[in-house]
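Listed below are the structures to be examined.
Both complexes shown next keep chain A, but they swap its partner, so chain B is in the first and chain C is in the second.
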Partner chain A sequence: MSALTYLAEAAVDPKAQQNIAAASGAGIAYGLAAIGPALGIGYLVGQAVQAIARQPESAGQVQTTMFLGIAFTEALALIGFVVFILLKFV
Partner chain B sequence: MTDVAEPLAVDGPPPAWAVAIDMAKRSVWLLPVLVIVSAAFWGMDGVLSSVYALGIVICNFLLAAWLLAIGGRIGPAVMGGFALIGFLLRLGLIFIAVMLVKDAAWVELVPLGITLVVTHLVLLFWEMRHVSSALAFPGLKPGPTPNPYLPTPDSSSTTPTA
Partner chain C sequence: MTGLLSAIEPVTRAASEGGGGLQFPPIENLVLWPAWFAEGTIFEFNKITFISVFATVVTVILFFIVGRKAKLVPTGLQNLMETSVDFVEKQVIGAAIGPDGMRYLPMLLSMFFFIFITNLFEVIPTSHMPGNARMANPLVLALLALVMYVGVGVKHNGLGYFKAALFPPGVPAALYILVTPIELLSTFIIRPFSLAVRLFANMLAGHILLVTFSVLTITLVAGPLLLKPVALVSFPMLVAFTGFEFMVSFLQAFIFALLTAVYIGGALHPHH
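What follows is the complex of A and B.
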């Protein structure tokens, strides 16, 4: 009941509408921004494990480049997180 | 046919850990730049927020490397699992770390967010340049410095001359 009341109030209050839009936008932005890096890291690690299985002697080099690749891919999620912060709290 | 995972054939310290330590050392060079830029635009609160964000980035790298090192010691599949679980775990930890301080009086969210992204990328590009140079020209890569006081396998005299 309280949620319905809040929605009814929000329908007429521009400030509440703005808050709802900001919260929704922030949540969608962060959620979408986390999907891409998750797929990227999964693919990257899968390929790295395959490379190590084919050439175990190059495991060191593969792990080094894999770590850098993971960190680069993760930067996308961090950008999404920063957008989330800026939309929600600034 | 047995599906026992063999430990990864890596000599010395785990590569991911070595890279993360290297990036943590390089971040010391970034610190003065961060302090000057943040102080110029956001004052003391900006400096504190930037330093906090830099700490988050370094902890994130070290935690990722530690998880990969542990997983790599057990087996390739575990390393893959740790990489994916670690991604979710670290995103959650960064979220918590920022949420804990977002209402603090000394926090400026804009420099904190900018520092999070920029230092992450700058440290990565810097390290990538170093790693690609080391891969392209292995002779230039500095090796471990031998200790003159430890015996070597091919020499009988272990006392160094002054």
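What follows is the complex of A and C.
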């Protein structure tokens, strides 16, 4: 059986349709959830690098604060990942 | 064109027969662990339980051995343990609480070691399962952190802790209608929730990443001749991600301890 006939068969099977909707919904949800944290972490680390470059002796303190900020920002992307798992597999 | 189609034909055939070209293990494998003994009782013992017990016992034994034979000039194992104590003291407590937070060192240090060793099982061969990829472990740790920082706040500031947490000073009285529910939600519900989900999702994502590249490499090596060279790309990726996950397991243990310290510090000095 070729891939095309498989796709054609899947298009009429309600169970397969549900799977397709769940999979694409999960993908779109995670993609959207990753946009904000991506911008946030990029900006955050960029500013931290700039701060360290301007004042290398404060590197330790800036790094600790940077990890804290990353942990808070990243939480949103991780919640998106959990939603992905729930949509796709549960 | 026909050459390419015939090359990927086995993969598409496997896909059309259900399950996809890549035969992933079922997702239930992450949740339903076979019991080693005492199945069905509250003492059921499986791989995740073993990892948690192992992490606890190893931490206790390491510090016990080093503490029994502590020398003025440290050598070998004592060097390693003193470095780790120094790390938690300077990077976690020094950065988040300040000098008066030293009394929380034992708690934060054991938390750090427990999370680090349970996470380490993600890259240890023959195990390859982080103990914190089950929600139960991070959840208990996060509840422990919640009890800890609320307890510290009540002990040092009495009921004034709740007043400072729910009614932050310097806000116009009318705005408390808006601010108090937000603070209630963020301090007592979202904080432990995000602590638990951060650790859980990071370890689960890392585990799934490693599984994906392992399955990909195996399928490509066992697959048609034309696809075999692609494994030369996917296998180095697997090695690189294993190193990356080693770093993540350390970083997550550090971040969990650091955030707990930040919350304790906030409860200790509520006015800044």
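What we mean here is this: the second predicted complex is superposed on the first by the 89 of 90 C-alpha atoms of A that agree within 3 Å, B and C clash if a C-alpha of one lies under 4 Å from a C-alpha of the other, contacts with A are read in each partner's own complex, and residues count from 1 in each chain.
To be clear about the criterion, contacts are C-beta pairs under 8 Å (C-beta built on N, C-alpha and C of every residue); 3 or more make two chains touch, one makes a residue touch a chain.
On a predicted model such as this, the values are computed, not experimentally measured, just so you know.
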item	value
Which superposed partner A:Phe67 touches (first chain B, second chain C, both, neither)	both
Residue contacts with chain A in the superposition, chain B compared against chain C	B
Which superposed partner A:Ala59 touches (first chain B, second chain C, both, neither)	first
Which superposed partner A:Val82 touches (first chain B, second chain C, both, neither)	both
Partner chain(s) touched by A:Tyr6 [first = chain B, second = chain C, both, neither]	second
Footprint overlap on chain A, where chain B in one structure and chain C in the other make contact	60-61, 64-65, 67-68, 71, 74-75, 78-79, 81-82, 85, 89
Touching residues (chain side chain C, partner chain A) in the complex	12-13, 15-17, 27, 91, 95-96, 194, 197-198, 200-202, 204-205, 251, 254-255, 258-259, 262
Touch list for chain A against partner chain B, complex	34, 37-38, 41-42, 45-46, 48-49, 52-53, 56-57, 59-61, 63-68, 70-72, 74-75, 77-79, 81-82, 85-86, 89-90
Chain B residues touching chain A - in the complex, by the definition given at the top	6, 8-12, 14-16, 18-20, 61, 64-65, 68, 72, 76-77, 79-80, 83-84, 87-88, 90-91, 94-95, 98, 102, 109-110, 112-114, 116-117, 120-121, 124, 127-128, 131, 135
List of chain A residues in touch with chain C within their complex	1-3, 5-6, 60-61, 64-65, 67-68, 71, 74-75, 78-79, 81-82, 85, 89
